[in-house]
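This report refers to the structure that appears directly beneath it.
A, B, C and D label the chains in the order they appear, each numbered from 1.
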Amino acid sequence: MKKLLMTTALLALASTAQAEVKVGMITTLSGGGAGLGIDVRDGFLLALAQSGRDDIELVVEDDQQKPDIAVQLADKMIQSDRVDVMTGIIFSNLAMAVIPAAVNQGVVYLSPNAGPSQLAGRGCHPNYFNVAWQNDNLHEAAGAYANTAGYANSFILAPNYPAGQDALTGYKRMYEGALAGEIYTQLGQTDYAAEIAQIRASGADSVFFFLPGGMGISFLKQYADSGVDIPVVGPAFSFDQGILQAVGEAALGVVNTSQWSKDIDIPVNAAFVESFQAEYGRLPSLYASQGFDTANLLISALEKADPSDNAAFRAALREADFDSTRGEFRFGPNQHPIQTIYAREVIREGDVFTNRIIGVALEDHADAYAAECQMD
Amino acid sequence: MIRERHLNILLLAGFLAVPLYALAVDEPFTITLATRAAILALAAVGLNIALGWGGLVSFGHAAFFGIGGYSMGILAFHAQNYMPLDLGFAVLEGTKSMPVIWLVATLTSALAALAIGALSLRTSGVYFIMITLAFAQMFYYFAISWSRYGGEDGISIYVRNEFPGLNTLAPIQFFGLCFAALLLALWLNARLVASPFGLALNAARQVPVRVQTVGLDPTRLKLVAFVISGAITGLAGALFADLNRFVSPSMFSWHLSGELIVLIILGGVGRLMGPVIGAILFVALDHILGGWTTHWHIALGAILLGVVLFARGGVIGLLCGPKGQA
Amino acid sequence: MSEIVLETCGITKSFGNLRASDGISIDLRAGEIHAVIGPNGAGKSTLIHQISGGLRPDAGQVWLNGRDVTALATPARARLGLGRTFQISALAMEDTVLENVLLGALGASGRVWRFWSQVMADRALRERAEAALARVGLSEQMHTRTSALSHGQRRQLEVAVALTLRPRAFVMDEPMAGLGAEGSKTLTGFLDGLRAEAPILLVEHDMDAVFALADRISVLVYGRIIATGSVDDIRANPEVREAYLGDGA
Amino acid sequence: MSTILIIEQVLNGLQSGVMLFLMAAGLTLIFGVMGLINLAHGSLYMVGAFAAAAVAGATGSFLLALLGALVAAAVAGVLVEMLVIRRLYAADHLDQVLATFALILIFSEGTRLIFGSFPLYLDIPDWLSGPVTLPGGIQYPLYRLALIGAGLAVALTLWALIERTRIGIQIRAGENDREMIAALGVDISRLYTLIFALGAALAGLAGALVGAIQSVQVGMGEPVLILAFVTIVIGGIGSIKGAFVGALLVGLTQTLGSVFLPAFFRLFLDPATAMSVGSSLANMAVYILMSLVLIFRPTGLMGARA
């Protein structure tokens, strides 16, 4: 881990050595959301190292999860480092601050995580590619799973901010049953006793929640302790490898939806999981897989075209000619993924809490905004 | 000891020289950093009028910074989407013109400062600190749930707003605008301090009872200072939004209020150039330390502690001695 | 008898069970120095606060120049001509001596809402301020920082600030406090001449000064005026000797 | 809305209130006696939670974890007081704000350096987990009941300490007059260190107790710090009783606001609008409460009159 970081740091410093391609990564490495950014970065670095290419110079910067810092860093990368490609942003609000300006200045942006609906629909752009998902995807999958599981009366909750509102919209788009209740919680809220009491009183047969980061940890621990035993379903964000260990037993058996899982049974994925664990001493999360895939997409395109030839480079990216850790992967017309989303269940393997695929939630799923996208 | 006047001139000359040098060697990002420092300095100059001369420790100036930012965001949002802005009593077109945006930003934040100040000045000391924080937090939570303007995601403006006769997209020209605004605010600040109002305000901070016994109302003096202060910080907010071409609720966050206070203490409370030195140092430290280690906050914390423990009166106090000498 | 400039009519103020002012009626007439004396805790500060406007009495009124000012706040009373000095100097310590008197001149002139002109360049204000400094003998210290003044000089500056207001009546809270014998003598001489300009309500502990200056003395004990009269009346009053001066004095 | 639900929500508000009190009590004591604005109080809360998670991970014992949190936070408090804070008592509030802000940066980044960026695991012990049935058929988590009990017990102990012991007399004297306690022959600097350690230990205890049902992560102290300040300002700074009343008010306002405001707006708005208006107002509720209190009582509910 240290060695790898050192190498990239050296690479970044050695600006005299003429690298052919400059890649700028702005991601969250400090503050509450640091775990996600660190995983994306580590996945990305792993793929770069495995490719053996030494002509890619990567500049990594920490946005501290603050939009104004992210914008400032983007200015620096575009004006001072003169990067060709940018990537790394975790949070949608930061993505909205950085991406529209960056792609308009001719930089190609590969999103390893955030997929705000604006950028998938009317705000789509030829220089913008999303390698993870459109924000609604995993929530839609959760709604679809709820149908197959036979749920007919869901209680749904999310924080009161755009990604939270999108989450509930996404769930409702696929879910066909009735709603026992729908609440927005405070962003950054740590105590969910009041919501859990409402869930208990609502007579729901299932609970859907989207509470990323520490909020999800708090909710799950408190929910497990409350004795309410209505089944829970949610997107993978609250069940990734980094968070599960902090939630502990409270998460066991919970169903969550993800486009990736460590037990997707294909050689690329097995190799990825093994090499990630060997390099960093921990299991990869879905964020790590997204960082890994993003780097591999980039490398596959670089083999066909040079970023200085923007049109050819974009065409090469659109082909998505790389081995994804999730298996089948292709881009839709708005350059967002069309992919299969799985339902997973939280299990314990030895001392470690992790996920196991229990079925497919949505096959070859594209997002709902592609039709609004008018490229050029 | 350096004379404060000499230091001030030196400082402004240096502040201007850095981006010009950066322009010469084609380092546009350095210009962007200097612009950021100029805007933060402007916001802190505003706060310093309330805090340094009026003795009003406002922990809620992010409210005005954010109002300035959202004034820009909303006007430019409607202009870029060709959507008229319906106020209920009137329908306005949005605008991309900086002078108009600045006027709106200054006026709305002055109005907000009048309302917040009138209520907050009923209290004093720590209570004042906390009630101003409370008002800023209300704006923060309101902005987060104001889905029409992006909520937590904020508003992206694709192209920087326009100023007649200038190309604001050129970093050096936009820096020029921000630097001019800063100079203007500093000049206003200097005139204000030497004016009859400044004399009375200065006394109202030190001995309110005395001010009353000469027939003046210290609360009213402080309220006016608070309004001027809020208006300047609001203008800085509009410029900051234009620098980033983006506004979000984080402009209202208490971290920002805290940072502005820290800037001023770092530079020197109640010193004309205190906020400027503070802002330059803060931006420079952020940039240099941030490039040096991911754990740079520890180093920043240690430096700030050093300033408090060993350099009472901030950097200016260290260089020029306590206020009022020389 | 000369006209009454300042008057309290039965003002009463309680803090919980403590009655700090108990129906105090006292007046100040043109040309006189009226001293209020009393032991510690007699309610002198409370009385001054009610006269100057810092405290609102529970009952009774305060009259200034024939006008009921009971409901007015301190600044309004100051504008109507009440000049006050403090027991513990209330001066802007970071500012210069001149700036402190300028504040008084500014208050009297009503020209405070000027944001652009230079206060130091305002000829009329400067003259008024410098004249007041000259009268108390602080002209040489004009540009000194107030914190650098001696205790005696601060007392003089207190009086100078009040002078700039050209008040109709002075209320002075222990102006001699902390002064040495020499300082007291100088200030006593100065106040002696001041009474022709405006009468002084003098609250003071320094008995030598009181007996040298006062035309009338009121004695305040436990929130009540127990006696009012000339210096000789008070000296001779057995009740006062009993309650305040003590028999041996 | 059923009575059971309302009672349950009141219990929830009470529980978050008493935990807030643990934070607020230290903050208000430190301000009342030493006149210090301590922004780093939230960091001590975080130190407590991390220490508890570390001890629980190593020993598996929840009680040892609580003890670890108390000790770690108190030690951190003493160190901070002796190295930094001591030099700031005479300084004005602004210097205190800057110095304690610097301490937040150092504490947060230092914790990240030691423990990394991922949240830590700390869970409720088996003997306190799961719900119990209260009279009236209310199902309520045992752990939360235990939190209410622990909070009230600490409040009572604190009250007894201040009203009934020698130290308490010194503390009360210190609030009124610093010179007086010096005149009484009390070693002020020892008293100050002691009070700071006490405040820190309470914050650490709160961090550990709450950490078991929330997420133990860097930065967890900041939202609590702001709320604790709101609490002591509502109650009146320096007043323990005020902090208690303020904490309950804030806890109840937050919990009940988030439940009943959206329900209230549903009476006359469509559900989606009601939801969004209601939850925005719920977010603002404690701040609105605080500004109303201050507008009508500028020194808080139980603060000394100016």
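Note that a contact is a pair of C-beta atoms (placed from the backbone, for glycine too) under 8 Å apart; a residue touches a chain by one contact, two chains touch by 3 or more.
Because the structure is predicted, anything quoted here is derived from the model rather than measured.
*Asks:* What is the set of chains touching both chain C and chain D?
*Replies:* Joint contacts, listed by label: B.
*Asks:* Quick one: which chain's Cα centre is the longest way from chain C's?
*Replies:* Of all the other chains, the one whose centre lies farthest from chain C is A.
*Asks:* From the C-alpha centre of chain A to that of chain C, how far is it in Å?
*Replies:* 74
*Asks:* Rounded to the nearest whole Å, what is the centre-to-centre distance of chain B and chain D, using the mean of the C-alpha atoms as each centre?
*Replies:* Distance between chain centres, rounded to whole Å: 32 Å.
*Asks:* Could you give the separation in Å between the centres of chain B and chain C, each centre being the mean of its C-alpha atoms?
*Replies:* Averaging C-alpha atoms per chain gives centres 43 Å apart.
*Asks:* Measuring centre to centre with CA averages, how many angstrom lie between chain A and chain D?
*Replies:* Distance between chain centres: 35 Å.
*Asks:* Using the touch rule from the top of the page, what residues of chain B touch 2 or more other chains?
*Replies:* Within chain B, the residues that touch at least two other chains are 144-145, 147, 297.
*Asks:* At least two other chains touched by the same residue of chain D: list those residues.
*Replies:* Expected reply: 109, 112, 276, 279-280, 283.
*Asks:* Quick check: what residues of chain C touch more than one other chain, meaning two or more?
*Replies:* none
*Asks:* Between which chains does touch occur?
*Replies:* A-B, A-D, B-C, B-D
*Asks:* Going by the contact rule at the top, pick out the chain B residues touching chain C in the complex.
*Replies:* Counting only chain B, the residues touching chain C are 191-192, 194-200, 202-203, 206-207, 209-217, 221, 224, 323-324.
*Asks:* In their shared complex, at which residues does chain D touch chain B?
*Replies:* The touching residues are 31, 37, 84, 87-88, 91, 93-95, 97-99, 101-106, 108-110, 112-113, 226, 229-230, 233, 237, 276, 279-280, 283-284, 287-288, 290-291, 294-295, 298-300, 303, 306.
*Asks:* Could you please specify the touching residues of chain A with respect to chain D in the complex?
*Replies:* For chain A paired with chain D, touching residues are 29-32, 34-35, 38, 160, 182-186, 188, 190-191, 193-195, 197-198, 200-201, 213-215, 217-218, 221-222, 225-227, 242-243, 245-250.
*Asks:* Within the complex, which stretch of chain D touches chain A?
*Replies:* 2, 4-5, 8-9, 12-13, 15-16, 109, 112, 117-121, 123-124, 129-131, 139, 141, 143-144, 210, 212-220, 223, 255-256, 258-259, 262, 271, 275-276, 279-280, 282-283
*Asks:* Quick check: in the complex, which residue numbers of chain B touch chain A?
*Replies:* 27-30, 32-33, 36, 144-145, 147, 150-154, 156, 158, 171, 240, 244-246, 248, 250-251, 290, 294, 297
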